[in-house]
Structures are given as structure tokens and as C-alpha cells.
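Next come two complexes built around chain A: one with chain B, the other with chain C.
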Partner chain A sequence: MLKKLSKDPRWLYVLFLIGIMIPLVKPIGLPMGISDNTRKVYDALKSVPADGLVFLSPDFAVENRGELQAMLVVIFKTLLPMGVKIVSAGFYGVSSAMLMDEAMNTVGLANYGKKYGVDFVNLGYLPGEETTIAALGADVHALVKVDYYNKPISDLPLMSRFRRAGDVNLVISLAAGNEYPEKWIRQWQVKYGTKITGGAVAMIYPALLGYVASGQLQGYLDSSRGAAEFEILTGNPGAAVVTMDAQSIGHIIAILAIVLCNLSYILKKESRT
Partner chain B sequence: MATILKRDIPYVLILFFGVVMAITFFLKIPLLSEFAVEAQRLLVPISSAAFVVGGVSLLLYHAARVQRRTKDWQLSVVSIAVFFIFLVTSLAPGIEKIHTVAYTTIVGMVTEAMWGLIALFMVSMALRAFRVKNLETFLFTLSCVIVLIGNAPVGESAFPVAPPVLKWLMDIPTMAGMRAMTIGLGLGIIAYGIRVMWGYERAVIGEVRREAS
Partner chain C sequence: MITSEILLSLVSSAFVLMIFSFLYRDNFWFHLASNIYICGTAAYTTAMALRTLYFQGLVPIYGGSSWYLLALIGSVLMFMRFVRGYEWLVRWPTAALVGAGIALNMAAAAQAQIAAQIVDTMKSVFTPSITTNINNLVIISGVCFVTLFFLFSKETKGVMKPVNRIGRCFLMVALGSSFAYALLGRTSLLLERFKILVAFPDNLLMVLAAALIAYDALSRRKS
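And now, the complex of A and B:
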């Protein structure tokens, strides 16, 4: 049976699909601990004064939506009731600005008594990667003329108080690549001393731990797990918490596969001897 | 004359901008800082223009494939059609919503499905590849199992010892390895930057190194 499974893993695929689909439809609600890094992110957000300014950068594209969109939504939900003003721009690709727009529609500014242009502005996608991040820090109004919806930024009251990096209390970069938080560190944290935090996909999260330890990043959320912890910590359980049960089942199946793999290997070795 | 235009002037520009940008990063010299900000701002329209060049290049490539009827040329027709659909819906006023919906529902779903498939391959890989043959493979498999257990809520509940071990793995060996890589990469970038500024890297101005070929 093991030999058969090893040669044709499609049965395992079916088992895996069924396993992860069940908790998505009917969540189990397994308890979960909150990591130090998630608490650091929470503290960084809560340290922003009411009426402070946060720059929210969704540095990811649609393919990372499964891992980071829930994180974007819960961060948005946490910031809005605090009275914090939020300016957003994406540097990863055209879709990053769309995802911010999607998050804005999901959360609903009106639900929090907030207005576009006064409490939140989406500047859209800004091409040019690190150079643009540097130029934005030096002079926002010289670089950007219109927002994502083609409205002149001079007409948006919030933009009158966002002119350079020094006006921002906290940068939140939700990254699909470790180079994005690193760009923010190089161009804003090192130059202007701006505080930076955010979240990343699981693949690049270990690469950012060194920056957390050095204090250049104020904690960082680890993919869906970090988003789920943040949802619990802020009392906003949502999409990420639901995916955690599915992740548990997925991990159990992966561990079973490893055990089966080694069992099959040992049996084969013994039959040879 | 051709050499001056193709090689010497680009190298002089690279050296000039490289030195000025490096100085303004570390020192605050008003005149140079203003110049650096202007130069950085200039890169945004240049980056935007690169999208036009990329689009034209894509169209020419696929048009040539269709004209020559090369293998799977029909896919090039689809590429050209999709290119124009997205171009028109994003530029034409009043129908931006169509572009957003098309992008998130077509491109979004396709790319997310591609990423989702990785999970299946990882399970398949776990079944085939994690064989404990010696001490190295044992340590590799053990660390993988700890990460799997420690990251999932079920593992945390069943094996309370897993999260602290995972934290140690991430904070000590993983961080040490990542730091070594980051520092090495940083030094490599500095060395590469110096090579570019001194004209040792010819690929940046479109010249293929003869010795490499």
C-alpha cells in the first residue's frame, strides 16, 4: 500500500484536499498562543498617538492574497477606531493598490465614521521600487499628483499634513518579499528614524527576524499564523483564524506523509537485507 | 564616436550618479541632496515608460509568432487579445471597475490556484523526500517536523514543548544563518556597485562579456 501511495500520490492529494476543506466549512476553533513578535506589532500600532499618521504599504500582489489580505484587513480594522490617519501606496505591482481598495471596501470606512480624503487616502501603485520609496520620504507632493481614483492630492485634506517621511509615525509594510521591509529600513528607518512594522509571507519571515532583533523592525507578523494571532489579540476574529484549523489538518497530513515515507524506506531496506 | 556614445558616456553617468547618491545617503549637503531628490523623482516616469517598452516588446514578440505560425501560435493570439482587453479597460474612462473585477477574478484566481498547487506538491515531496538515511537527513527531517508541529494550533495543543523549541530554532540557528546571508549579500552588493562604477560590469550597458561566451 505504501509502495502504491509513493508511486501514485493522488490519493494523498484527495486526503489533503478533504482534510483542509472540512475545517474551512466548519471551523474547529483550536486554541492558539500569541507570539512575542505579534505582541510587538500590536504594541507598535497602539503606540501611534490618536490623530497620528500611519503609512500602510501592501507590498504584495494578488497571488499572495491568501496569506496577506486577512492581515491587511485586520490591521485596517485596528487602526480606524484609534483615530489614526492612514495613507496607503503599493510598490510591488499594480494589484497592490487594488488590494488596498478591496480591503477598504471590506472594512467600510463609513462603518467607523471615517471619510475618504480626511482619514484615509489610497495613492495607488507607485512604480520605481526603492528609488520611489526614497523620493516619497523626501517630498511626497513633488512625487505624487493624483491618488488611486485620479483625484488631485491637493484636494484631499489629509495630504496637507503628509509631506515627508518625518510626518509619519509608523510604516506598515505587508510584504511578499523580504526586500520590501529592507527597502523601508534603508530609506526611511536609517535616514529618518521612522518606525517600521508589518507582516510577511511565511517563506520570507525568517529573513526578517534579524531586523526585529536589532530593533529596526517593531515586530513582524508571520503569514496567516501571525494574522490569526493578531485577529485574536485585537478581538477581530476573521478569515485568518478560520484558515488556522485547515493549516493544522494540512500539517498533520504532511507529518503523516513523512512518517509513511520513512516507514516505507525502512521496510524496503529490511526486505533487501 | 560610437564607443563614446555607447560606452564612455553611460559609464561616466553611472559613476557620477553612483557617487552622488552614495554621498547624499551619508552626508547632508543641501545642493547635492536637492539634486538627489530630483534624480530620484525622475526615475518614476522612467519606470513608467519601461512599462510601455515592455508592452511594445511583448506585442512585437507575439505578433511575430502569429505571423510565422510557430508552435502554439494560438496562445499568442490569446496573449495579444488579453493585453488589449486589459489596456482598454484600464485606460478608458468610466469602465475601470471592469478592469479591477477582471484582474482580481481572472489573474487573481489563476495565480492563487498556482500557489495553492504548491501545497499538494509539498505533501507529495514529504512522502518521497524526507527519508532518514544519516545524521544530516535526520536533523533536517526533525527540524521540518518541529516547524510543522510548532506552527499549527493542533501541534501546540498536543505537544506544548514544540513552540519553545520552534522559537529557539528560529531565533538562534535560523537567524544566525540569515544574518550571515544578509551581511554576505550586502558586501556583495557593495562590491558589485564598485565594479559597475569602475566599468568592470559591461552587462549594465548592454555589452555581453566576451570571456563569458
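And now, the complex of A and C:
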């Protein structure tokens, strides 16, 4: 088998695909704990007063949908029943607003008795990254004139109470790059003392742990694993939970492959000497 | 009955399988799917960029905010790199962007990313909890050894040799953790697609793709 694997990596793909497909079809129910970071995010969300204002920023694009969309949906599902008002805008890429729109349709504002413009507003994609984040914190209405659906924001009742960073109780940044939470920290937390939390793709998650430890971020969710933990914690099992068994099996296969490849390398080296 | 949702899901799954077929070997279907993806992305990005230009650039100008004209002129100057003889004009808006960006970033970065992080590294190793003490010791020594590893003005010999080696070990642990997280992320992306592929009727497409690959592999082996 080692010979086959080392000669043709496609056997590894086949092994990996079979390995992850079985638990997807028939879940095994592997145990899953809730990490401290997920609890911190939960506490941060729950600390927002009813009728408080949350700025939800999907700082990711279509290519990160697999890691962060489930997180966006479950955060939405957690905030809406709390009576919290949500304003959203994406700074990462043009598709971020589309993903927010998709999440809104998945959750369904009407299911929670909420109305667009009163309880939730999607400002769409705002270009300019850090400069825009800074400008938004200073004066929202000077920067943004229409929402994602081309409605003037002056016609949306919720926007009358969102004028600057000081009006926001919590920023939630779902980030595909560690620079996004850093931008929020620099432009909103340092200047206005706004609390920041959210979730990130796995690649950048370790880079954000320093900010969580220092208390600059109020916890952070770790990719689909964090989303699954959050789904369990909030009692909204969804898209992330169903993949966790397959995720664990995939990791076991990867670990076995790494061990076997290193073993074969060492054995080859020894047989040569 | 085939609804538009099922049809959309089938189209999406077909594209996923066409892209995945590259793992078997380079083929026409992979190129077709990747080209359609590139076209779609380019079209969407252009449409959204034009929309942004209209609502955030032109509408304020029509509304009387004439100073937005400066930004518009700056944007036009950015395209001067395509006009022979006037390429140098790009430097002006670039300089403005870089200047504003650095100014915005620097003041807050010193506080958020340097001061706050240094303060957080000053941890006590004499707390009542032994595990906390160990964790804090690892953090403090990790920061010190890795910082010393990047001290290039000192030659790696004598006392600096073991210091560098320990620093390198810390870095390798960090890189290993990054790789593991990368694996988690990539598996998540794969699973998000496979969750749809294993469900009916999309799984029929997967069976079809597997049959086609098996047929191709067998016929190539024979020839």
C-alpha cells in the first residue's frame, strides 16, 4: 500500500474521499467539546442588550464560504431572537454582501418576526478596506448613501440610530484574513473602545489567538469546528455540525498519511545506508 | 419533479465534479469549468465595481459633494499606467493612498499590536494554578527565544547556538500548528461541497463521474 501511495498520490485522494464520505452518509456521532474561545464568543453576543446594535461584517468571499457561511448563519440565528439590531457590510471582496444576503434568506427574517430596515440592514460591499472602516466609525451617513438593494439609507429606520462607531455595542468580523480583525482593533477598538469578536478561517486562526489572550478580541470562532461548537452551544444544530465526524476522519487519515510517508522515508534511507 | 432548486444544485455539483476531475488527470471538463468560473467571477466583480463607482463616487458628486471629484480624478490617474508617456501620473494617487494608509495604521498599530501585545506577554509564573504557570512560562520563553532567533547582528556560536536552536523549535511548532489549521480549513471546504454531493440526486452525478474515471483508467491501461 505504501508503495502504491508513494508511486501515485491519487490513491491517497481515493482513500481520503472514501474516508470522509462514509461519516457524511452515516454519521458516527464522535464526541465534541466546546472550547473556551467559543464560550467567550457566546458570552460576548449574550452581553449585547436587547435592542442593542451589532455590526456584522462578513469579511470573506465565495472561496471561504465552506468555512464561514455556517458561522454567519448561526450567529444570525442567535442574534435575531435576542431583539438585537444588526447592520452588515463587507470589506473583503465584492461577494461578501451576496453571502450576507444568502445568509439572510437562509435564516428568514420573517421567521423571527423581524423586518428589513427596522431590525436588519445590509449595506453591501464597501471598498477601501481600513480607510473605509475608519471613515465608517467617524460618520456612517457621510460615507454610505444606499444599502445593498439600492435603497437610500435615510429611508431605513434602523440607520437613524447608527451614525458612528459609538452607537455599536459589538462588532462581529468573520474574517478570511487576519488583517481584518486587526483593522477593526486599530480603527474601532483603539479609538472608540468597541468590543470585537467573530470567527476566522482556520489558516489565520492561530495568528488571532494573541489578540484573544490579550482581551482585544472577545473570543474567536475557529473555522467550521468553531461554527459547529457554536451551533451546539446555541441549540441551533446546522450545516457545520453534520460535517464534524467527516472532519475528524479526514484528520485521522491525514495524520496516518504523514506518519506512513515519514516511516517510508526513514526505511528507504536506512535501506540505502 | 425537477424544481429550479434541484436543477441549480445539480449544475453546482456538476461543476464541482468537473473541477475535481483534475485530481485524476488534466481534461477538457476541468478547463471548461475553470474558464466558466473565471468568466463569471470577472463579470460579477466588474458589475459590482461599477455599482460601487456609481453609488459611492458619482451619486455624491451629483448630490453636491464636489470634493469627491478629487477622488474621481485620483482614480482616473490610477489608469494612466496604461497611457504611454504618462505612466508617472500614477505616482500621485499611489502616494496619497500610501500616505493616508500608513497614517491611519501607524498610530493605532503601535497601541494595538505592539504595546498591548508586550503588556500581555508580561505574565506571572507564580500563580496558584500550576498549568497557568506552565502556559505562561511557555509564552514568555517562546517570545524571548524566537525574538533572539531573529537577532541577526550576533553570530550563531557559543551561547547563541542553543538559544537559536530553541527559537527554531518554537518556530517549527508554530509552523506545524499553522499547517494543521490549514488542513482543517481545506477539509472544511471539501466537506462543504461533499455534503451536497452525497445527497440525492447529486450523488447520481458522483456515481457517473466515478464510472467515467474508471472507464478511462481501464481503457488507458489497455492501450
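Note that in this section the second predicted complex is superposed on the first by the 268 of 273 C-alpha atoms of A that agree within 3 Å, B and C clash if a C-alpha of one lies under 4 Å from a C-alpha of the other, contacts with A are read in each partner's own complex, and residues count from 1 in each chain.
Keep in mind that, in the parts below, a residue touches a chain if its C-beta (ideal position, glycine included) is under 8 Å from a C-beta of that chain, and two chains touch if they have at least 3 such contacts.
This is a predicted model, so every value here is computed, not measured.
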| item | value |
| --- | --- |
| Which superposed partner A:197 touches (first chain B, second chain C, both, neither) | neither |
| Which superposed partner A:139 touches (first chain B, second chain C, both, neither) | first |
| Touched partner set for A:21, first chain B, second chain C, both or neither | second |
| Partner chain in contact with A:242 - chain B first, chain C second, else both or neither | second |
| First, second, both or neither for A:102, with chain B first and chain C second | first |
| First (chain B), second (chain C), both or neither touched by A:218 | neither |
| Touched partner set for A:32, first chain B, second chain C, both or neither | first |
| First (chain B), second (chain C), both or neither touched by A:185 | second |
| Touched partner set for A:252, first chain B, second chain C, both or neither | first |
| Set of chain A residues, in rising order, touched by both chain B and chain C | 13, 17, 20, 63-66, 94-95, 126-127, 131, 134, 143, 191, 206, 210, 213, 225, 247, 250-251, 254 |
| Chain A-touching residues of chain C, taken from the complex the two chains share | 23-24, 44-45, 48-49, 52, 55-56, 59-60, 63, 100-101, 104-105, 108-109, 111-113, 116-117, 119-120, 174, 177-178, 181-185, 187-195, 198 |
| Chain C-touching residues of chain A, taken from the complex the two chains share | 10, 13, 17, 20-21, 24-25, 63-67, 69, 94-95, 125-127, 130-131, 134, 143-146, 150, 182, 185-187, 189-191, 201-203, 205-206, 210, 213-216, 222-225, 239, 242-243, 246-247, 250-251, 254 |
| Sites on chain A touched by chain B in the complex | 5-6, 9, 12-13, 16-17, 20, 30-33, 35, 61-66, 94-95, 98, 101-102, 126-129, 131-132, 134-135, 138-139, 142-143, 191, 206-207, 209-210, 213, 225, 244-245, 247-255, 257-258, 260-262, 265 |
| Residue ranges of chain B in contact with chain A within the complex | 25, 37, 40-41, 43-44, 46-48, 50-51, 100, 103-104, 107-108, 111-112, 114-116, 119-120, 122-124, 126-133, 141, 144-145, 148-149, 151-157, 163, 167, 170-171, 174-175, 178-179, 181-182 |
